[in-house]
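The structure under discussion appears below in the form of structure tokens.
Letters A, B, C and D name the chains as they come in the text, with residue numbers starting at 1 for each one.
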Amino acid sequence: MLSENLRRDILKFREERDWSQFHNLRTLSTSIVLEAAELAEHTQWARDSELAAVVAERKPMIEQEVADIVILLTYLAEDLGIDVEHAVDEKLKFNAKRYPVELAKGSARKYDQL
Amino acid sequence: MLSENLRRDILKFREERDWSQFHNLRTLSTSIVLEAAELAEHTQWARDSELAAVVAERKPMIEQEVADIVILLTYLAEDLGIDVEHAVDEKLKFNAKRYPVELAKGSARKYDQL
Amino acid sequence: MLSENLRRDILKFREERDWSQFHNLRTLSTSIVLEAAELAEHTQWARDSELAAVVAERKPMIEQEVADIVILLTYLAEDLGIDVEHAVDEKLKFNAKRYPVELAKGSARKYDQL
Amino acid sequence: MLSENLRRDILKFREERDWSQFHNLRTLSTSIVLEAAELAEHTQWARDSELAAVVAERKPMIEQEVADIVILLTYLAEDLGIDVEHAVDEKLKFNAKRYPVELAKGSARKYDQL
């Protein structure tokens, strides 16, 4: 998702402002919830048939919310020593067992209801 | 954050299960809120002095929630044609104007209260 | 929404368990977010045409999430000295100015876009 | 929490604006999440020692967010035919079994970890 250069820019941005004193698992995870809520607000009242129009009209704002979440995840991964690549790889393997193709294909059900 | 290979693995996981029919801005942003809420649940009752212990005890679960959010963001970026690198780069420039170092340094205030 | 008797039962439940030591604006508002997320999870993947079926199938669970939110709001109102009746009455007056009938009728737009 | 009169005022507010066409379990539960997120934003960066000051400074805004949640819950209960008094009463009984006083007293643990 991010080049090493951009990751460094994100961390430099924080360091220049001396903001890491405010960051911990609680404040960063709360902040991710708040940014995700702003993303979800774009479709708060949208019917199925209106979704494409929302995306077309609000793309720049949506990109900003997505960027905010990625920036916060970068801080969290840095502070907690999380290797995101490795975590995603492990989660895909975990999900592959929870959602085997033959059961999960074409279904939106949760793993405990497949 | 993610190599091109891993990004392809994430998309392949979805394609094998024919899940993109369920994905749009609304369902994916709602899902990101729900996963972020699970991340925030780890510190639901934690006092400041208890935060380090929460991280130490629950690191593997925290990594799973972070991975879930990254996977959902990957689907969203793919479906909406968002260049995450570019979006983050633009947001950092935008934030640099909202939070100039001389005003924002050491402050947790929002841009409109600096 | 609640009789005075039931309000007392909610507070007594907490007192018997000595839980008010864990309650403050941050922990209670985070908890309301988490319970609201559980409520929203019931329609995570639902298309417009599937909403009625979700309600029909999951009514008892939905009632439990609603109850959880009301219980948490009761604790918050008690601890912060909020008169909920008065707050709602004031908010309706405030909203009546933001959303005058002649502009807001039949529109899902936010007040700043009417 | 609410008198019958105030409940009617809330419903009348919606009827005058013809807004019930936009309300269903999905849009209302998403809206409750968004309002709860606004409530949680007040303590986004607050350390334990700063919580009392946040409440003192922001009480009127907090009351508005609480009112918004109560208004949305009133619409949801009306539309789904939920008797909130009854739902809360049942949930307290349910919680009393999950959190027996002798195990739960003075503990912030979840029921499955008591």
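The rule we apply is simple: a contact is a pair of C-beta atoms (placed from the backbone, for glycine too) under 8 Å apart; a residue touches a chain by one contact, two chains touch by 3 or more.
Just so it is clear, the model here is predicted, and its values are computed rather than measured.
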Through what angle, between 0 and 180°, must chain C be rotated so its C-alpha atoms fit those of chain D, rounded to a multiple of 5?
180
Between chain A and chain B, the Cα-mean centres are separated in Å by 2
Whole-Å distance, C-alpha centre of chain A to that of chain D, is 26
Scan chain B for residues touching two or more other chains and write them down.
22, 30, 33, 37, 40, 45, 108
So how do the chains connect up here, line, ring, star, complete, or something else (other)?
complete
Which residues, counting only chain C, touch chain B once they are in their complex?
22, 27, 30-31, 33-34, 37, 40-41, 44-45
Can you check the complex and tell me which residues of chain A touch chain B?
1-3, 6-7, 9-10, 13, 16-19, 21-22, 24-26, 29-30, 32-33, 36-37, 39-40, 42-43, 46, 51, 54-55, 59, 62-64, 66-71, 73-74, 76-77, 80, 82, 84-85, 87-92, 94-96, 99, 101, 104-106, 108
Considering only the defined contacts, which chain B positions touch chain D in the complex?
30, 33, 45, 47-48, 108
